[in-house]
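Got a structure for you, written out below as structure tokens; questions coming shortly.
Each chain carries a letter (A, B and C) given by its place in the written order, and its residues are counted from 1.
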Amino acid sequence: MAEHTSQTHGALSVEAQIEMVKRERRANSAWHKLSRNKMAVVGLVIVAIMVFMAVFAPLISPQDPNYVDMTKAFLPPGAEGHVFGTDNYGRDLLSRIIYGARISIFVAVGGTVFGAVAGVLIGLVAGFFGGIVDSVIMRIADGLMSFPFVLLALILMTILGQGTFNVILAIGIGNVPYFARLVRGQVHIVKNEEYCNAERVLGASPARILFTHILPNAISPIIVYFTLNVASAIISEAALSFLGMGIQPPTASWGNILSGGRTCLRTSPHIATVSGIFILLTVLGFNLLGDGIRDVFDPKQKQ
Amino acid sequence: MAENQEHLLEVRDLKTYFHTSAGISRAVDGVSFTLDRGKTLGIVGESGSGKSVTASSVIRLLPKTGKIEQGSITFDGKDMTKISDKELLSIRGSDIAMIYQDPMTSLDPVFKVGHQMVELILSHEKMSKAEARELAIEMLRRVGIPEPERRMDSYPYELSGGMCQRVIIAMSMCCHPKIIIADEPTTALDVTVQSQVLDLLKELQDTFGTSILLITHNLGIVWKMADDVMVMYAGRTVEHASTEELYANPLHPYTWGLLDSMPKLSDNADEDLKTIPGVPPDLRLTGTCCNFCNRCPYATEICEREVPETREVAPGHFVACHLQDGKGSLKRGEVRR
Amino acid sequence: MSETTTTAAATAAPAETASNARQPILSIKHLCKDFKLRGDGLFEKPKVLHALSDVSLDVYEGETLGIIGESGCGKSTLGRCIVQLHRATSGQILYNGQDITGLTGADLKTMRKNIQMIFQDSYSSLDPRFTAARAIEEPLRIYNLVPDKAKREQIVFDLMKEVGLDVQHVERYPHEFSGGQRQRINVARALVLDPKIIVCDEPVSALDVSVQAQVLNLFRRLQRDRGLTYVFISHDLSVIKHISDRIAIMYLGRVVELCPAHRVYENPMHPYTKALLSAVPPESPFQKTEELKLSGEIASPVGDMVGCPLAGRCPFATDRCRTERPSLEEVEPQHHVACFRYHEIAQ
């Protein structure tokens, strides 16, 4: 009785089929799919440029962002070697934008990471154990979510006091309920999959099932939400700084550059415009990238 | 097509390919058959044999990546591959009815059963709403649904799987279709319900003279329902004959394997089942040899080189095998290697 | 892989001769499982669905007990109760004389090594992010049985060969296998811990005919080679009859007939068994089956019920059937039936 799946014939041989699987893997790999999505590539390029700017700020910035030269205040873009002009203290706007990228992206990513880590843990616990634990956690999350995000962040900033780290904390805490709810939903879906039952029958502990099976299989929407959320965190940071509760001058962030530009919008519109455009581009970049990643993970688009 | 007026459906050399990112998948690779009025043709095969894609090609209901590459599908004198989308829409549901495996997903969950039936009737027949409702109730009664008036106001989720499939059958019979394409119509149902549904289909066929194209993986259902049977493997027809002939005198090694691997109630259970070793080929690799050669115990060198032609070895009995001439050139169980 | 004709076949001998003397390896006693359903209205009381009502079965070492019934008859619930995926509402499940229904923690984990399960859906029962090799070695990691990586790999390779998988495929993911191959991975994973009992919940229903035959043969070979005990759940009478030594026929959460496998075909006694048999599609185009048809559909298992569960559909039902519940009784050696009128129907 030949039960074995071995084959030796021409085009239908095992080798040919293995080759086919390899081709399929390449075609369906996340990277390959993402690179076929033009808008996602645009998003990726924008994000890459911004991150590059932030990381290598000291190397590429033409001037110290805090160097004040009152004689050169309010120069328009292009004048005297200042590509984007200067602000009300005569500081080089390009340098401030480059250093601002550092702060803005750091705060946005940091806040989102904080929110994601805390939210994922809370969501996992709520989703996996269910019952009373789940109800209590979710009601608290509902309560937090009933505040508009910026209002919640403002309240937190008032309580925590000013400082870069506190901005991160405020944005992070504001994000926790959203991540928690997303993860809880995912856990509810995955934990009823048959392979989790199979794992229980094999004798695995709840913690093992949670971290080796449920979390890895629930991760794709979390990554998508994370990327999209960085975009909104950039806006949140800008909004907080704009309202004077975020990053404090003289440290440059896109939000406080925009805020500073507001006072002289009539006479020197370039300050608000340039910082606004950078915020817009970065938000757009993260959103396009997030949408692209979502398409990659969407099983319905497998072809 | 004047000379073939007696055939209700004639499919010739149909090729339907799927274009995937990792290559072209030859889902249906040269299939021909005819179906006469009032008759039942069973298409049998395993998953990936192309039996469902054949059926979907007939009504041109293919996913985006699928394309009919070649061949003609003549239904009632019209070439289905060439007619306009509008004409196609009017044929679907009225002249050709479809019954799918999962009855629950074939009905819209947000509308009442009666509403869906009335809508369907009104879209194909000229009659008033009240008349359509009467007809719908009458059809529900015919398919054996108790209290049809009350059932008209049920939502699909309130019905069991068997009841749902009856509703689908009632719906499909409303416009007196010439042909019913039933794709695994009873696979999702329990055995006792399955036999009820099959009996019902047969009874309706006798009353209305409808043809049935029955797609199934279950040979038992073919024995029960079909006049002719076509066995498919990896996108191609391997054997095509009348049901009795195929059972009494199967000629293709794959058909032998299929018949042998079914556990039977009357068997002696102490023996192991005879199986076909191996797995079906990847459909992106087929087309250069006999698709069955890697699993066939009789395969010789020619089987790996050439695609076998379908030959008529006896009147009405077609086989696609290099080694089989129908006169004993290949005998069941005699492995020559 | 060539089929080995082992002498161990004796252990799989039909249970009818020896089972009286043998101790059952698994003994299910008066098992009940209820599910609470939310009531229809806001203030309505929750309803109770009786998935299993007073099921008692013995399983002997080395045999296959087939369990058949239609959807909703409780056969899957029974399987899941045995492997402790569901907690029984009442009753006992004894493994080698030890009640396993109340076990928790380390005791439960130790017991689970002995009783494994294979699920119907070969795809969803494998983690899509685990390769074949990783899935098969997972149980070893859970129990930390073989800390050495190379040894683990060897065990995985041997098992893959044993279940008929190509060793070249170790690094493939579940979606890159066919249904039959995936089910072999599931079998290999269940075998790693060397269990005594495997509960098979419709393991071949989703497979194609030719592949189904391969997997059924695999099950039988493994039973011969390893002396395994199977509780084999299926809705397909031909499959059940082929693989089982004894068959339990279930209807609405109860066992209505229990007999040696061949008897189900030769001499079915319960009207429901007869109906099941006559509904099986014919074996040839020439076969005309005499049909025993049941009217209507399976009753709802929600709420309490009096009388025989089949009374509403059975053509032989009397007033007694509607008011009194027949118990499962041994009417011939090894042949149990729960029907008041089986002897009249037989003629």
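Operating definition for what follows: a contact is a pair of C-beta atoms (placed from the backbone, for glycine too) under 8 Å apart; a residue touches a chain by one contact, two chains touch by 3 or more.
Not measured: the values here are computed from a predicted model.
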Pairwise touch network: line, ring, star, complete, or other: complete
Most distant chain from chain C by Cα centroid: A
Intercentroid distance (Cα basis), chain B paired with chain A, Å: 50
Gap in Å, rounded to a whole number, between the CA centres of chain C and chain A: 49
Centre distance in Å when chain B and chain C are each reduced to the mean of their C-alpha atoms: 32
Contacts with 2+ other chains: residues of chain B: 272, 275, 277, 279
In chain A, residues with contacts to at least two other chains: 1-6, 24
Residues of chain C whose C-beta touches two or more other chains: 3, 181, 214, 217, 221
Contact footprint of chain A on chain B as seen in their complex: 20-23, 64-65, 272, 275, 277-279, 281-282, 284-286, 288-289, 291, 293-295, 299, 304-305
Residues of chain B defined as touching chain C within the complex: 46-47, 160-163, 190-196, 198, 217-221, 223-224, 243-244, 247, 257-258, 260-267, 269, 272-277, 279-280
Partner chain C, residues of chain A touching it in the complex: 1-6, 14, 18, 21, 24-25, 193-195, 197-204, 208, 213, 216-217
Complex contacts: residues of chain C adjacent to chain A: 1-3, 83-85, 108-109, 112-113, 116-117, 119, 121, 124-129, 138-139, 142-143, 164-166, 168, 172, 176, 181, 186, 189, 193, 214, 217-218, 221
Chain B contact footprint on chain C (complex, rising order): 3, 70-71, 178-181, 208-214, 216-217, 220-221, 235-239, 241-244, 261-262, 265, 275-287, 291, 293-294, 297-298
